[in-house]
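Here subunit A shows up in two complexes: once beside subunit B, once beside subunit C.
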Partner chain A sequence: MSLLEVRDLDAGYETGQVLFGVDLDVERDEVVSLLGRNGAGKTTTMRSIVGADEPTVRGGSITFDGHDLLATEAHDIPRLGLSLVPEARRCFGDLTVTENIRLAAHHATNPRDVAAMFERFPELDDMRDRPARHMSGGEQQMLAIARSLVTNPQMILLDEPCEGLAPYIVRRIEDIIHEISENEGVTILLVEQNVAVALATADRHYLIDEGHIVDEVTTERLREDETLRQRYLGV
Partner chain B sequence: MSRDSTAGVLERVGAIDLGVWQVPLGLLAVAVLLRPVVSHDLMLGYPQVASSFLIWMIIVASFNLLMGYTGLISFGHAMFMGIGTYSVAIALSSLAVPFLLAAPLGILFSAGVAYLIGRLIAHKGEIYFAMLTLAFAKSAHFVANYNPGGLTGGTTGLADGTTPAWIETSRGFTYVVLGGFRIDWYWAVAAVFVVGLLLLWQLVRSPFGRTLVAVRENEALARSMGVNVRRYKVWAFTFAAAFAALGGVLLEINNQGATLSELSIVTSGNIIIMAVLGGANYFFGPLAGVFVWMFVEEYLTDFHTLVLPLTEVPLLRIELTGVLAYWQFFLGLLFVVAVLVSPREGVLGLAKATVARLSARIRGESE
Partner chain C sequence: MSTSSLRTLGLARLSAGGAAVWGAIALLLLVAFAVEPGLFVDQFVGGLVYGMTLVLIALGLSIILGLLGIVNFAHGALFMLGAYFTYQLMALWGLSFWIALVVAPLLVGLVGVAMERLVLQWLYDEPPLAGLLAAFGLALMIQEATRAIWGDTPLSVVTPAVLAQSADLAVTTVARVRLFSVVVAALVILAVYLLIERTDFGLSVRAGVQDREMAGFLGIDMPRRFVLMFFLGAVIAGIGGVLQGTAVGMNPTMGQQYIIITFVVVVVGGIGSLFGSVVAGLLIGEAVFLTPLVLRSLADVTGIGALAVPGIGGLVPYLVMILVLLVRPRGLYGQEGFME
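Entry: the complex of A and B
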């Protein structure tokens, strides 16, 4: 059985249905991307998985490591080992870097060592006592990843981790994704509209368009098939 | 001035950093210095009100655990303080329970009520939560006013037999007389103030308190990190009520009884105003707010004629009674200005920013 299984998911907002029968599987140790244009339903899928207040899930099932996520309270989902790195690299701006990481560890069942996170992300080591809001976008993204990693997750959901970042930081984030996946055995579902990032990091890709999963492709196919990219991603 | 720039300026001028001792030392300084400052001739000129200042500082600081740290706005915080005051007053006047037993029971009772109310309403949206706290506070006021079983004294409140035997008053001063020792009431309050606020501070910097800040900043993100947001709000509400009741218990002795105003909506409103006026962003904000509010209140109600210059031979006398009768209007104006300038900074934020800017200028650094 896959680690994460999304089956026939219908979800939407008051204004209307957004997802129509989305099917998605992520196997253990895989890096999978969910690719689509703005408004294709990527964020809605992500939010449905982590049990956010919105959207409302109207049908289908989401299973993680054998647990029915639709029947799990949002705050209990991280304890199952499914951790979210939210879009726009959200951190707690009033808390310091250390506090952000320590708090995540505090609320995890089996956290990693907080000090090890600073070895892992030397960028953060120099600014331990700085409020997160005084950090640059790239630094906040590292912090968001560190905060997720310290909880010792089985799987991380990365929501557009490279959006709006400078190219050299994008490369650093791509490296981090590799390391997390290969050295630390964390499964990753990456939500992206940037094909380059997906190509550089993921093994397998789901293409989503207008709330439907329209294709499931390998990295080679995605790299070579220009019409496919043009059609669903506009690149 | 935004908090970012304040912090930025403070960083640049290298403000004196006492590190972890800043808060304990600050609290000690407030407790030790408040009375001499207040009773100085240029200030109020009389020391009797100083203990009220400290007590209200505890109460408003307890409110700021909700507003400043958790982001919960309660319009009924006076209720939890009033429950403390009334518990002790009723215990002393009708039940013959000694103060030292009644006080902790009153605090526990207040916390218990808050816990139950919190379980019921903490998850409601901001405005509904505020309205519901208002409704509960209103009902508490109604019950006390109704005087069930003659316990609460109705509109007159409770005064007879509400002072423990070990409290002595003479010439407007109150003393605690215990085992041959006679301690000024102010110092007894000061001790409770320091210990109480140190506990509150410890709460605020503990993982529990840091989680409250996280909840205030971004509930959804906190939840996605595994925080049971509702449970944390309930406990914040409970702890805030306990600290408010601690203030309420002291107020009972300080005011020698309980009056309906301790449960009134107006008092709840004043608590909010003092917290915002002082600066909800800071641990010491509520203390500054209480100081400004109560000082202005005392000063202006006692101040009738402005004599210039302040010497034996006055050149100019201005009769101000008519204008100063509106002191609350002027405080209201100050409040409006504080909120407009920066809603979470208050006078303390303003003062910090000013000091930082001045010191930067003195050091010859350009902004």
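Entry: the complex of A and C
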């Protein structure tokens, strides 16, 4: 059984249905990407998995580590070991770096050491007492990942971690994804518009278009098949 | 030129003039003190008591507004219940003031929780107007219930002997009960500060105020915290009610009277900022009590009788609000970008 199983998922907002029968599996220790254009349904898929109030899930099932997520309260999902690093990072701007991490650790069942996070992310060490709002986008992204990692998750959902970041910071985020996957055994589902990031980090890729999973491909095929990329990603 | 640089320029000009403004205010206060020192201290203490009462109501209002986006107009009714519960406990059941000081706020807290569980929790995801109207309805219901139970006439309780005496402040004497109110309010404010800034519970509440959904994604059970904060906000308003009821007395419209000014306090302090509410509450409290005195002293000194505008005290909170919002739409300590 896969760690994360999404079956025949229908979901949408008041304005209309967005996801149509989405099927998706992520095995333990894999890095899988979900690729698609703007508005294809990537973030809606992520939000459905973590039990956000919106979108409304109208059909299908989502199972994580044997637990039925659709029957689980959103605030209980992190304690199953599934953690979200959301689009636009969403660090708590008025809280300091330490407070952001401490907050997440405090509500986890089996958290990692907060101090260890600063060894893990030396960039954050110098700005422990800085309010998150006064950090750069790249620093905030690292904080968002640290905030997730401190909860000691089995799996992290990474929603567009490289959006709007300078190329050298994108490289750093790619390295971090490698490290937490390979050295720390964390499974990752990555949502990206940036194909290069997905190619550099993921083992397998789902292509989503207008709310349908249209293909599932290996990194090799995605790299070589330009028509495929052109058709579904416009690159 | 971008609006932000325009604003920076405006603020720079203002802070250059800021020193002059503060200097002028200090001078006016000094004149008022010189003309009538006894009255000045009287009014200063009056402003402090009034300001602290506003702060006690504003804390709960501000927390609930920041956390839930609901303008809880019924918060004034909770303040009023604090006073009437004190009357019930002391005058009708013969219990001591000290018991009332503890029990009445807890009872008010329970009313607050009932309010949240039975009515307001269903409206969190509705447009803000729905919560506002429901809270307004609750305020009217509690007010009319109070009228029905305790009657329309103003009531008061007998001040406990130890607080009934006056304290000698050299130029004047002040009823101890008023100083006691100020001390209790200050302790409550300190306790709230420590809870919000120094505990893990406070940390989760601050996170929830900034991004409720994200706090939930981190595994924080926000609805449970909403109930707790509602309880806490109601208890604090209840303490304000006990103090007000003991020092001044009570009537069924006191909730309405106070909630309007308290809302002004929250707006002036900056929505979502507890520190702002404290500063704004004290500022407005003092401004209400000292402005008439300052103007009268000024009229005395200059001989221009027209300066002593009658009834200016009631207008002062709104004048302060207009002035602050003109310069800083987010309020004194409001979140950056809010209403800008």
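Rule of thumb we're sticking to: the second predicted complex is superposed on the first by the 235 of 235 C-alpha atoms of A that agree within 3 Å, B and C clash if a C-alpha of one lies under 4 Å from a C-alpha of the other, contacts with A are read in each partner's own complex, and residues count from 1 in each chain.
In this section, a contact is a pair of C-beta atoms (placed from the backbone, for glycine too) under 8 Å apart; a residue touches a chain by one contact, two chains touch by 3 or more.
If you're wondering where the values come from, they're calculated on a predicted model, not measured in any experiment.
In the model built by aligning both structures on subunit A, subunit B clashes with subunit C.
In the superposition on chain A, A:Arg231 contacts neither subunit B nor subunit C. Once the two complexes are laid over each other on the shared chain, residue contacts for A:Leu84 go to subunit B and to subunit C alike. By the touch criterion defined above, A:Arg221 lies against neither subunit B nor subunit C after alignment on the C-alpha atoms of chain A. By the touch criterion defined above, A:His134 reaches subunit B but does not reach subunit C.
Applying the stated contact rule after C-alpha superposition, one finds that A:Glu99 touches each of subunit B and subunit C. Contacts of A:His75 after superposition on the shared chain: both subunit B and subunit C are touched. Comparing the two interfaces of subunit A, the one with subunit B and the one with subunit C have residues 50, 52-53, 73-79, 84, 86, 90, 92-95, 99, 102-104, 106-108, 133, 147, 151 in common. For subunit C in complex with subunit A, the touching residues are 125, 200, 203-204, 206-207, 210-211, 213-222, 335-336. Those residues of subunit A that touch subunit B in the complex are listed here as 50, 52-53, 73-79, 84, 86, 90, 92-95, 99, 102-104, 106-108, 131, 133-134, 147, 151.
The touching residues of subunit A, counted against subunit C in their complex, run 50, 52-53, 73-79, 84, 86, 90, 92-95, 99, 102-104, 106-108, 133, 147, 151.
Listing the residues of subunit B that touch subunit A in their complex gives 4, 7, 207, 210-211, 213-214, 216-218, 220-229.
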